[in-house]
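Paired with chain B in one complex and with chain C in the other, chain A is shared by the two complexes that follow.
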Partner chain A sequence: MSVSPQDVEKVALLARLAISESDLPEVTERFGRVLGLVDELNTIDTETVVPMSNPHDMHQRLRPDIVTGQNDRENLMASAPAQEQGYFLVPKVID
Partner chain B sequence: MTDNALLSGSVSSLRQQLRDRAVSSEELTRACLERIEACNGALNAVITMCSEQALDSAREADKAIAKGDIASLTGIPLLHKDIFCTNGVRTTCGSRMLEQFVPAYDATVVTKMRGEGAVMLGKCNMDEFAMGSSNETSFFGAVRNPWDLNCVPGGSSGGSAAALAAGMAPLVTGTDTGGSIRQPASLCGVTGLKPTYGRVSRLGIIAFASSLDQAGPMARTAEDCAIALTAMSGIDAGDSTSADIPVPDFHAGLHHDVQGLRIGLPREYFNEDLDPDVRERVMAALSALEQAGATLVDIELPHSHYAIATYYVIAPAEASANLARYDGVRFGYRCEDPVDLEDLYLRSRSEGFGEEVQRRILVGTYALSAGFYDAYFNKAQQVRRVITEDFTRAFESVDVIAGPSAPGVAFQFGAKQQDPVAMYMEDIYTLAVNLAGLPGLSTPAGLINGMPVGLQLIGKPFDEQTILNAAHRLQSDTDWHMARPQLETVAP
Partner chain C sequence: MSWETVMGLEVHLQLATQSKIFSGSATAFGAAPNEQADAVDLGMPGMLPVLNEEAVRYAVKFGLGIGARIGERSVFDRKNYFYPDLPKGYQVSQFFAPIVCEGVFEVPLEDGSLFPVRITRAHLEEDAGKSVHDAFSRETGIDLNRAGTPLLEIVTEPDFRSAEQAVAYLKALHSLVTYLGISDGNMAEGSMRCDINISLREKGSDALGTRTEIKNVNSFRFVERAIHSEYERQADILDSGGSITQETRLYDAEQNVTRSMRSKEVANDYRYFPEPDLLPIVIDAEYIEAVRATLPELPGAKRARFTADYGLNDYDAALLVPNHALADYFEAVVTARGAAKPAANWILGDLTAALNRNEIDITSSPISAAQLAGLIARIEDGTLSSKLAKQVFDGLWAGEGDADQIIEARGLKQVSDSGALESMVEAVIADNPDQVAQYLAADETKQKKLSGFFVGQIMKASKGQANPQMINELLLKKLNDQS
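For the complex of A and B:
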């Protein structure tokens, strides 16, 4: 399947990636090459095959709903690029 | 003991020397740190060194040895791939996004290996977010192959493989999502093991593709990989995909007997596309096993050629979901002066991620987006089952499946950078093993024009022991794994 620069721009927005106008042709071309590679999947009949999401078909184990770790807020917040009074700081969202 | 003997020793021999007090962990650790300092300018294999911390741990290990309190890796220096979270030590994943990231906890692999007494020397360079087969996508610059500084070391665990080959440490860790342990092990002439999916906890390993990622060891011998695998493995309450299956003592289970071992040679791996020199080396290694009593059997994995297409839907799709967490808000890179929240997201991500990572996020987002999910993601998961069933059928008649680890030897920098698809072909023999969740190992099989080639051995689920045994026998009968790059030419 071929993709247009507009398709790529739309996907980039979904993925929250900014692609500059000057990079768009090359990004589109290389993106198209990867899609060309995966299009080979259309040549195999899988009508009756159950999709596989875990290689051993294992199911998610559940654990009892009990507290296991202590609140490590200060330590974890130390990695934030900007914070104030223990909260993540972002640009103003609501006027 | 000369530094050279220390720097080329196997874990099992160094372990004995430490126990015999022929060498101290502090001496050994110091020799490794000096080796890193001498060679890293040329190789760029190590991103972060932990010299003081390492020497402290080494002295602790020496005290423990003096008291007779000896675990499986007590006093053995090691380097971790920079994808394993290390409490208080920067963990970059080879990305600008995490250039300043200091985790608040250790990966389970790190905890377990420290618990066995290993001494962490530092963190190894890698392809950004483990996406690459040449180490050229690292934000910290490419790693050079110690066998030829103009060539790539493979990837994504290329820093680990190069460091090991150059004598910086006797043991390194890696992760393998599509070949990232086996392909660099092949290109750098070391032994590398990707365990069965679920064997080793993924807690604290920065996620790429969660249904494919698996951590494993690289070392100078299969015996050393057996020691390290036992140390790393086991169910973990922090990883619900870690397998509730007992971990054998792989080292104790190691033996030389391959009499009657049935080794399958997939027709699809040995077809006319295989480089004749690679074929010759791989077949020579398999003949050595045949002479030792193994039987070579022709088999078929008829859907092998779908592995690349399947992988390049599933891995990017899972990656696009995993990498959504990097938003410039909670941790990681944030752009300068965002005008609003949307601008903050867009610029933090496009400035923080490199080209290959962005490409895979785009492909994955596309494959998961409305209208394409069934055609791409669901379809790929169906083909994944078809590929896995090929292996299940083959393993009804053989114990091990063998083939090349990589299509060729290490290539020159830039050779495959212009075309992402050409780079993806580097993993043509390794990807299917991840899709099927099987264990795979690469062991050296000689040189082509002075550059290493690897033999890949693939095992049944949770049967790492059989491929370790076969590699161990091969390494007992041949000396390909003993070949080393010219170390003196690497040091400045």
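For the complex of A and C:
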């Protein structure tokens, strides 16, 4: 499967990765190689195989609906770069 | 050109669990910012989710409530996007294998008919946090109390053709989930939020037009207005030969318009993949039957029972049933030997009006069901005329005791003693010879009108306590005796 530099730029944007103009050709080439591997996997007939959503042969354990959390705001916010009035502050988001 | 609206709805329903879907933080509304967000909710490195059993049970309850198929093996997936109020950079949701699969939900319409809405799926997911844009001048504040609150996203097929159908569905859904007890349904607090997928097509066409999605509408009224406003916008574009851009829009209630949310367009590629930190949820038949056994009587069954057992019409049943507490109140009145039809009339009329006027919920009604039943019994046995009954109602509302006490204290007994009434009638006839002459000279239709004058005089003389039916009979007899 061929990958264009534009495909790479789109995926990079979605993943919030900065890829410089000079790195783009090499990254595009490596992307293509990975997808080549996927193409190869796609040739295998999986018609009769149940999709595996998790490698463990177990199912989900559930916990009772009990509040165990306590207000630990001060501690949890200690590493935040900016905070005010109990809010985490981030650069202005405009919608 | 004549356009037909085609809509599908997505409802985000907040489930009424005590703790979050993947952590032990509280879900209570109104806490100070970030006081109900722990390391899991904040997406701290190394934190692992543990699924809340109640969230699963509520989702299954919903599925059984609409007769849907329950996914025996459902799987969580990561929905990837970046936004500051989504700490992990992905939302844990269910994409490929939802917990509730296809079903049909029958929605009562105003004309009493049932409108079947096909439910595509309903899946469990976690809510994001809240961004506060206007409290800070140069920054956006992030409150993660809501992050990790369990949601059930309920998706329909594009079955709606009008705003009325859409609103009827949402109201019925609201009623169902509050009956099931899986959500408080508090729309003002965001417990039920609606996304509307809407497109237009030529009337008679089968093809679907390009749709837009109106996000996060949180009241029935706004849903109706958002649909009308988006219809106008799309019809204008299509009428002038333009084409619709597929995009996400927001409804601005103040301006009554929808606006494009440009920032979300590029991100509309979520790259779902199975959540490796959670194992599949396996639900067996035994579990399903155990949940089924806990289902209460649902609105559809209750409507049917109210019409069959109490002889209510569809209209009254449709007004009483959606609010569980109101339906319970009605049954309590009837059980306390209040007649069903008058009970419905009083509850939906005077009582609802008084409750609304004073902004009181039926559960805190100052008039108990037994007291209302007592009032109705006194109307039924002829002690009270409808006019006197209103005064007793006011007394009940004011806390003056039960109906019999108020009748006694206020001296409101209807006079049904024929001897006493007869002398009142005779007195009024004797005092008004001109009107009597007029009456006797008039034709039948005019007589009917003129007799109202005498009734009014008698009611006045009796301070409203004369039995109006008996007055009418006596009056006609006495007047005709004059000729």
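Going forward, the second predicted complex is superposed on the first by the 92 of 95 C-alpha atoms of A that agree within 3 Å, B and C clash if a C-alpha of one lies under 4 Å from a C-alpha of the other, contacts with A are read in each partner's own complex, and residues count from 1 in each chain.
We adopt the following convention: a residue touches a chain if its C-beta (ideal position, glycine included) is under 8 Å from a C-beta of that chain, and two chains touch if they have at least 3 such contacts.
What you are looking at is a predicted structure, and each value in this text was computed from that prediction instead of being measured.
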{"item": "Touching partner for A:Q85 - first (chain B), second (chain C), both, neither", "value": "second"}
{"item": "Partner chain(s) touched by A:I66 [first = chain B, second = chain C, both, neither]", "value": "second"}
{"item": "Partner chain in contact with A:E40 - chain B first, chain C second, else both or neither", "value": "first"}
{"item": "Touching partner for A:L14 - first (chain B), second (chain C), both, neither", "value": "both"}
{"item": "Chain B versus chain C as contact partner of A:V49, first or second or both or neither", "value": "first"}
{"item": "First, second, both or neither for A:F31, with chain B first and chain C second", "value": "first"}
{"item": "On chain A, positions contacted by chain B and by chain C", "value": "14, 16, 51, 53-54, 56, 58, 60-63, 68, 72, 76, 82, 88, 90-93"}
{"item": "Of all residues in chain A, those that touch chain C in their complex", "value": "10, 13-14, 16, 51, 53-54, 56, 58-69, 71-73, 76-77, 82, 84-95"}
{"item": "Contact set on chain C toward chain A in their complex", "value": "17-20, 23-26, 32-39, 42, 44, 50-56, 73, 75, 80-84, 96-97, 131-133, 135-136, 138-144, 250, 261, 263, 266-267, 269, 271, 274, 276, 278-282"}
{"item": "Complex contact set, residues of chain A against chain B", "value": "7-8, 11-12, 14-19, 27, 30-31, 33-42, 44, 46, 49-56, 58, 60-63, 68, 72, 75-76, 78-82, 88, 90-93"}
{"item": "Contacting residues of chain B [partner chain A, same complex]", "value": "101-104, 197-198, 211, 237, 240-241, 243-244, 303, 305-306, 308-310, 312-313, 320, 324, 327-334, 338-341, 343-347, 349-350, 353, 358-359, 361-363, 365-367, 369, 375-376, 378-386, 388, 419-421, 424, 435-438, 461"}
